[in-house]
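Shared between the two complexes below is chain A, which has chain B as its partner in the first and chain C in the second.
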Partner chain A sequence: MAECILEVKDLTKRFRGRDKKGREDTEEQAAVDGVSFSIEKGECLGLIGESGSGKSTTAYMAAGLLKPDRGECLFHGRHMQMVFQDPMKAMNPRKKVIDSISEGLLYHRNGLSRAQIREKALEAMDMVQIDRSFAERYSRELSGGECQRATIARAILIRPELLICDEVTSALDVSVQAQIIRLLDSLKKRLRLSYLFISHDIALVSSICDRVAVMYRGKIVEIGRTKDVIADPQNEYTRCLIDSILTL
Partner chain B sequence: MSGGKNMNRTKKRAVVLLVMLSMVLVPTMAGRFLAPNDPYQTNLSQALKGPSAVYPFGTDNLGRCILSRILEGAAASIFSALAVVAVVFTIGTLIGLTAGYAGGWIDQVLMKVTMVFQAFPSFILAVAVAGMLGPGLRNAMISLAVMYWTTYARLARSLVIQLKEEAYIKAAKMCGAKGRHIIFRHILPNMISPMMITAALDISNVTLSMAGLSFLGLGVQAPLAEWGLMISDGRPYLQTAPWCIFFPSLALFAVVVLFNLTGDCLRDAIDARGEGRADA
Partner chain C sequence: MLEVKNITVAYGSDTVVKDVSFAVKPGEVIGIVGESGSGKSTVLKSILGLLDSRGKVLGGEILLNGENLLGFTSGRMRQIRGKEIAMVFQHPELSLDPVWPVGRSFYESIRVHREITKKEAAVQGRKLLEALELGEPDKILSSYPFELSGGMCQRAAIAIAMANRPGILLADEPTSALDVTVQKQVIETMMQMRKEFSASILIVSHNIGVIAKMADFVGVMRRGQMVEWGTKEEVLYSPEHDYTKALIRAVPKMGGELPAAAEEVGHG
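And now, the complex of A and B:
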């Protein structure tokens, strides 16, 4: 078996609901309930499921942005990065694009000068195929697709081994979605990236992911090679999910 | 861009207002040099005289030149209000930022304190504090700060809580940003616009409150010139020498309206850039 980049063991997160009067509910809802999986180096694992199934919560815990109630995430690399759903919200509206992209190197500079960081940020912009002329603009002056490319540039700036993509295409036009997926796929090969790719769109996931995990109500109900899962789903819910695209 | 035309109109309005504001502010800053007479020179033989060439706005009950006193009093009326707004802006932002960013029990304690201050009718609170501290300009400013800081603390807190959840803050955390980076790089720059709008609109409120305190005898003390005090002093002569009240009131009115219009204009300008949506 190849080397693991991320191991997630028995991850659990509960949120307290609130009743009608706004009091905290005594009963806790498990958003993520005992989720375990691992991602190998260079592999792309898709995590699919409907809204509220706990995909994003899992992603946040894997990224370390949220503390799990139980379980652990073991990351065997130096850097991981995350790309978010809505690119416009993932860019500080008061910063120029180049400053947002440079952010990855701003906090641990490793002795780089400002000019060197800027040059690296511009190179990252080349890699995600946005024109260098966008550097001095603000995120609101960019289209959704351009903005998402910029957030990907920020994510790859520090050369992470793992990229967590949380519904990266769902805020974009259909035509742009395909471009972003192609870009992520090419970056995967160029930078030997591993992905945790979260989406509710099984068709999109099947085009980029090696393996896929299906989440339902906080649990992983099925996990396996993408083509196996799609061709021969073992779980009732997975079957539902796949049928729903075929009927469209 | 459809907003272009509106933006130009806003810009024109801003220029007109700034010119008007400077027409009021510059003479008041240079008040004591422009004043035609000594604002403190009493002359009982000239008491309560109507507007004339020597005394353009007339004289008060002690024969002092009202125009000179208005110019002299502008510093107390306007600049004390500006200073109060600057102080409450800073204190309120610091407290709101701490409460909103730290959350938990710190937030609970700070917001309970804010609520205690807000539990009193605000001007009554200012009057009470000024009464306890004793009259005087400095004490009046302190009491107004006590009255006004809660607005800023609450606004800052709600903005921070809202901004804290933004995806770009999560992205910054992924890049290794520490608390201070997040606050200074991401949160403060994004909350400053709505805070500035509130501050700009508050200048006129504070000016009025300051005049109100002086009117009640809790602010600036005689014989110092201050508009609220001048209005108060002129009351007995409303029927016989209306200029004693009319001109200081007019000055107060003009300044309050100008500051309000400027604040509105600032809000429109910021809204047009799509940054002022975070009203709270």
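And now, the complex of A and C:
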């Protein structure tokens, strides 16, 4: 078996809901319920499911942004980074683009001077194909697609082994979405990145992911090679999801 | 029955719709696709006279059964809206009054156009929901929007829009806020309503899959202009315009290939 970059074992998170009058429920709901999977080095694992299925909660726990109630995440790398759905909200509106992109290296400096960090940030901008002239602009001056490229540049700056992408194209137009997907795919090969790629769009997932896990009500109901899952889904919910796809 | 002729719309000095024309004939489903900022929603708002205070139709005509809607007073437009032309929006929970149960919304939207008692409205509402096979119509009528799921809410909103039996239903991204499994149900609801009332539908969406599923005729908008128009088969399966081609190539398809990112579409 190939080397794993991330192993998730029996991950569980419960939340307390609220009733109609806004009082806390006495009973807890499991948002994520015993989820296990692993991602190999250089692999892209898709996590699909409808809203409320627990995809994002799983991502937050994998990224260490949320403490699981049970289970563990084992990360066999040095850095992981996350890219979010809404690039405008993910960028600090009061910072210049270059300063936002550089931020990672200011924390993980490795003895680099400010000028060297800036040069590395500009190189990252080249890699995601945004013009260097955008460096001194603010995020609000960028289009959604450009802004998402900038957040990807920020994410790859410290050369993470794993990128967690949470619905990174959902807020974008379809033509821009295609560009971002192609960019992520080329970065995967170039930097030997692994991805946890979260999306509700199974057609999109089928284009970039090696394997796919289908989540429904907090559980993984099916996991396998993308081609196999699409060609011959074993689970009823997966079948329903595939049947609902509207494409050309 | 509805004819949009060479309309040009601007917000302040920004022209967002340029010389757009198309016609909606009885019983047809017209789909308009386009990316954000292409002007597709503005076209719908212009038809209903719902442009905000900065928006202005600078030229052209919008003819409903031969009469130009642009010349109508706001009072006259109120009689048209909901009665002749109804609309559903992207976020059903925002378009329904949050402090009214669904049944009250039914009653109010009928009462605007004709005398009706609450009891009669409830009977009609129940009939419509039963026709849609939504299950437990009485429970839906007595529920507040927040108590319903997004998909249920949208289907109730569609039923309310059809309560006055309008000839045309306008829909602005009616499925974009919903999960794919629910999306399919909402599309089915709209198609069922069209059959039941032999209404026309004008739907605007960025989702080409939704348009492909529903529409008879398709228009493609880009930067305020209608760059291509024709039957669904012509536009989606043998497109002529480069932008349409690029747009269709960019749609992710099941089965593994990366969607094509044509430079022609331009950077977002």
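Descriptive notes on the structure:
We adopt the following convention: the second predicted complex is superposed on the first by the 245 of 248 C-alpha atoms of A that agree within 3 Å, B and C clash if a C-alpha of one lies under 4 Å from a C-alpha of the other, contacts with A are read in each partner's own complex, and residues count from 1 in each chain.
The rule we apply is simple: a contact is a pair of C-beta atoms (placed from the backbone, for glycine too) under 8 Å apart; a residue touches a chain by one contact, two chains touch by 3 or more.
This structure is a prediction, so every number in the text was calculated from the model and none was measured.
Contacts of A:59 after superposition on the shared chain: neither chain B nor chain C is touched. Which of chain B and chain C touches more residues of chain A is settled by the count: it is C. In the superposed model, A:240 lies in contact with chain C only, and not with chain B. When the shared chain is aligned, no partner comes close enough to touch A:229: not chain B, not chain C. In the superposition on chain A, contact is made by A:174 with chain C only, not with chain B. By the touch criterion stated above, A:5 is placed in contact with neither chain B nor chain C. When the two structures are aligned on the shared chain, A:215 is found in touch with neither chain B nor chain C. By the document's definition of touching, of the two partners only chain C reaches A:204; chain B does not. In the superposition on chain A, contact of A:103 is made with chain B only, not with chain C.
Counting contacts as defined above, no chain A residue meets chain B in one complex and chain C in the other. Those residues of chain A that touch chain B in the shared complex are 60, 63, 65, 80-82, 84-86, 89-95, 100, 103-104, 106-108, 140, 151, 154-155, 158. Contact residues on chain B toward chain A in their complex (touch as defined above): 166-168, 170-178, 181, 185-186, 189-190, 274-275. In the complex of the two chains, the chain C residues touching chain A come out as 35-36, 147, 179-184, 187, 206-210, 212-213, 236-237, 246-262, 265-268. In the complex of the two chains, the chain A residues touching chain C come out as 20, 50-51, 143-146, 148, 172-179, 181-182, 185, 200-204, 206-208, 226-227, 230, 240-248.
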